[in-house]
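A, B, C, D and E are the chain letters, set down in written order, and residue numbers restart from 1 in every chain.
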């Protein structure tokens, strides 16, 4: 995630960090060059049909609406993913407090909290489809068919054992298992977002329409705008391709692009909150590097 | 569901898998031919009234808004259906853990989990209105008036028996029955989506308006665009009919089109998660074939 | 509710069942005739001021946005009502299972389920403001100030009696009363929708604006479109009046129009689900007649 | 709240009850007169610059979008307020049933219900910032810093006393206090809406933009429309000022305008539902007077 | 938060308090001056290419849609933040009542309520990144890694101690810990909003597009509008930059701008509600100063 204040005037002109321009520079340049070539053709041989700009108004508005829809959907996915991780953070904190309340057995409680933290790290690694990052403490779950699930199953086993030998009572079992199922719900929500992309048919429809629009736009502008045509085409392509690219990135909130959610930082926040319960020194919060928080 | 990365430039031009073009090729071609015929008529005999393009702007914007509304509603149905199945997956995982916690009787617990998995398969078959796919293990429920309901009723009976003979206590009964009612709520949500289509009157209104628009559009373009008219009509028809068709498909998330939800894969995910609780080897996750995940 | 597949080409031209055309035929025809009269006046005496079409663009877009807002609000009411009834169906099924779990007294349980079904029928009749349809078994509640409420009160009394004499324990009382209050919440939600129409001021604002637009539109078209003017006015009136009428109907999901929710079919689904718990044969599900499901 | 059927043709022309016209008549007339004066100036001395209407298209569309946003936000506030009161009604009904279940002490239960009804009346008076309307029975809470809160505190005290002397058990205490906290949540929601207006900066931005638009519009129309200019300006002002005024009213759902929520009628519905529990005759429901339900 | 009635006519012209004009005065003036310079250039040397205004329609509509999206997202953040604080207020009130019900030990209960109030103040200070404002009573938590978390942990410890020595029973522990976890969820929600800004890429995209639009707009207007061009550019810049600035402020509901949420007033409301439970005199509610409520 890019953490940066409102852009200042000079940043507007030159900021690249967090900008979408580098991602769309290729197609952008191509479309501008094509428009330039058409103007040169027109100026030299007058071969192009002149078209009223009005049909492009409807076309452009329709395109804006489709891009707007996809952008909304992508942003909703991103924000829902953030909300789910916020919920997981709250769940871990509440789990620590509820364990304090209902589990008198200090080592058992500590083990529970450590497994819960492992779950969070495994869940993060699973969403990002990374395995190399798993630390030693998590080795127990590494080879499971579904590592985060295995961690939660382990938590369930700890509770079952505690209930069976009377270390927690019915109230405690009900409270702690409700917390566990809340974590499982948020986990399934994250997996849903990670595993179900926006319908591919939208991408095709929108990218096809955007390129068609930018390729045909010179026909409408060339008469009135002359050599300003490539500029207008460039601006239109920047706006439409830029938004399409942003939607693409935000719709994958667990990806490896700069707009992805700062899962490392949220996991660190959970470690900070659980440190007093584990009798540990709280680690320092993660800070953005070059405006980028991972 | 189509699982495919962001389309590359050459895919934009030629990709058919996951594209809406094959579904609308007929009407699209007809509209283009009609537009061509009108241009030929105009060029040969000049019989057509020339209309300012402005009224088409309002018409086109209104059409975009209506299509946008229907598309939003269809996508919401699709995404809500996905959320409900994600919730069912989380419920099954939590059910397994809660059964571990509150049910000491190993065979009973195993039977409960098997019935819960049967419920999921029956629910999937019921939503897709398929019966041939039901496996042997589910034969018990096949002839019920409402098979998934019968499976949940069986689960309820198992719990009632267990409570009556003291195999679970009040806390366990309350926890497990709450889980059961959560599954029933998600099941009813899916049946609501499957059984209540988008109001038919919208389809009529939108298809009628789209065809009227594409049939009348040549009148506005023919003067300025000449032989480019069929191209413009084709683009407009592609955008509007394409979106209408996508909405139609997404609004039936349990249908048999390629954009339908991958219920088979979600059921498999549930089997993977429940395998350790059943003492079984986890099966392999389902993978997309030719970009298509069922 | 109209249950019909995606319209085919020839249905687009002629389908009336589920169409909004019959409801707006009068105003539609009047507006077309007025436009025709204006053209005749213009052609015969040239008395009309010619207006640029541009102001109508803004007017039309504003109108589209207002209609779009009202349509969204109406559809949300319709869909929320459907969701509430889906929730009631899930509640009844869960109630039957929870009663099975916590109530050992067979006749009491049966009486509870029968009262719960009575509640559903009374709730439906109350929303549709019908009384003649109440069957014999519900006579007990017919004369209450608020019949569905009286049925739920009776359920509460049955539980209170059972708890007082030890037929259910604290866990059962808590579970069953939570289910009861969930039903009461959904009931109040339905009554909210039935009793609180969309603000009347929107209807006035939107119908007034729509008629003004269609009456003034000929002034903008008459110069360029000539005798096509009535056609354009007709199309615009069809789109705008049609959407206004659809919004009107969908905003009353418990009314007696063809787009109203199929409450009879949902009640029947509840009867099918509860039949095994009552030891009865499940009745057949309701099917649409002439595409219409009540 | 105005309760009125879909307006008929003649009502469209003349209905004032529930219409927004009387509220905006002053500014509307002023803008029309200014436009008329500009036409007279133009016709007599030709001093005005003629402007293409196109910039007004963008201006008008931007204005429509902003008004649309504010209207959405205002309607959401209104509908959320209605939902909260619907939830309170359901809560009171469920509270009565839960008290019946868990509180055997008849006078105590009756006192609880009476305090709960007092809470509802005090909450209504507090939202409407009225104090004269408080009846005798509520005198106990009148002088508290926050009267509805004091009523809920009293309910809490009654429960605490009952639990302390064994009149309710743990299950009852948990159920009733959960109901109490649900009421408190809905109460806080209503206070949030009543105490947090829509950001003032939107009102400024929107009213300023609307007036600028209507004042500048004659410049674009005067050439083509001549003496029809004031008519067009009047229609635009009616649409934009009308919507701004409606948003203003709906955003204050507890105000004293005719679109405010019918809190008196909802309180009466609660009295009707609680009457059987209090052993009283149910009062008659409130009916609208001159289409107005308070 | 600005608390002010609907602006009157003369306030529309001159109100600065709560207006966005002072924040955008610099860029606004620059754009107007640049437009003026271009007109002077055009009038003196006729060097500028004349462009049809139509491409600006699409550009302007696209810009409106993007600004509309960002504005929606920003307002949703603001309103969600307000809802979370409303929920915290309800939670504190319910916590006081539940403590009254389940905790008989008067001093313990009082300590719990004081810690809960401390949590609210620390949470407010943490969101606003202020530390100087922390009062003496909160010194205990000031040096913790996460002060509000430390306060909630202290609450958890008090409960755990009480449960261990029998001062509360299982029902009380479950009820109070559920309340605690509800507070933690709302706290995490606020931290999510405070710590996750709107994606920076939107700001870049929108500010860049807005400036490009306002800089290029003179090219389209200069021919028809002449010396009115700077006026039109000024209005467009006011509308677009104004909305961008408002979105920026509202998206940071815990910031130090005048549109930020009145957290001080909400904390005071909590103190007023808890005063009777602490046996204290309720303080006076906070009132806005110069229309500004902090």
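One rule holds for everything that comes next: a residue touches a chain if its C-beta (ideal position, glycine included) is under 8 Å from a C-beta of that chain, and two chains touch if they have at least 3 such contacts.
All values reported here derive from a predicted model rather than from experimental measurement.
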{"item": "Count of contact steps on the shortest path from chain C to chain E", "value": "2"}
{"item": "Touching both chain B and chain E (chains)", "value": "A"}
{"item": "Chain E against chain D, contact positions shared by both copies (same if over half, else different)", "value": "different"}
{"item": "Mean-CA-position distance for chain C and chain A (Å)", "value": "37"}
{"item": "Computed distance of Cα centres, chain B from chain A, in Å", "value": "23"}
{"item": "Contacts with 2+ other chains: residues of chain B", "value": "54, 57, 61, 65, 170-171, 174"}
{"item": "Chain-level touch network, classified as line, ring, star, complete or other", "value": "ring"}
{"item": "Chain D to chain C touching residues, read off their complex", "value": "1-4, 6-7, 9, 12, 15, 18-20, 53-54, 56-57, 60-61, 64-65, 67-68, 71-72, 75, 78-79, 82-83, 86-87, 89-90, 93-94, 96-98, 100-102, 104, 169-171, 174-175, 179, 220-221, 224-228, 232, 235-236, 238-240, 242-243, 246, 249-250, 259, 272-273, 275-277, 282, 291"}
{"item": "Residues on chain D engaged by chain E in the complex (per definition of touch)", "value": "27, 49-52, 54-55, 57-59, 61-63, 65-66, 69, 73, 144-146, 149-150, 152-153, 156-157, 159-160, 163-164, 170-171, 173-174, 177-178, 180-181, 184-185, 187-189, 191-192, 196-197, 199-205, 207-209, 211-212, 216, 219, 248"}
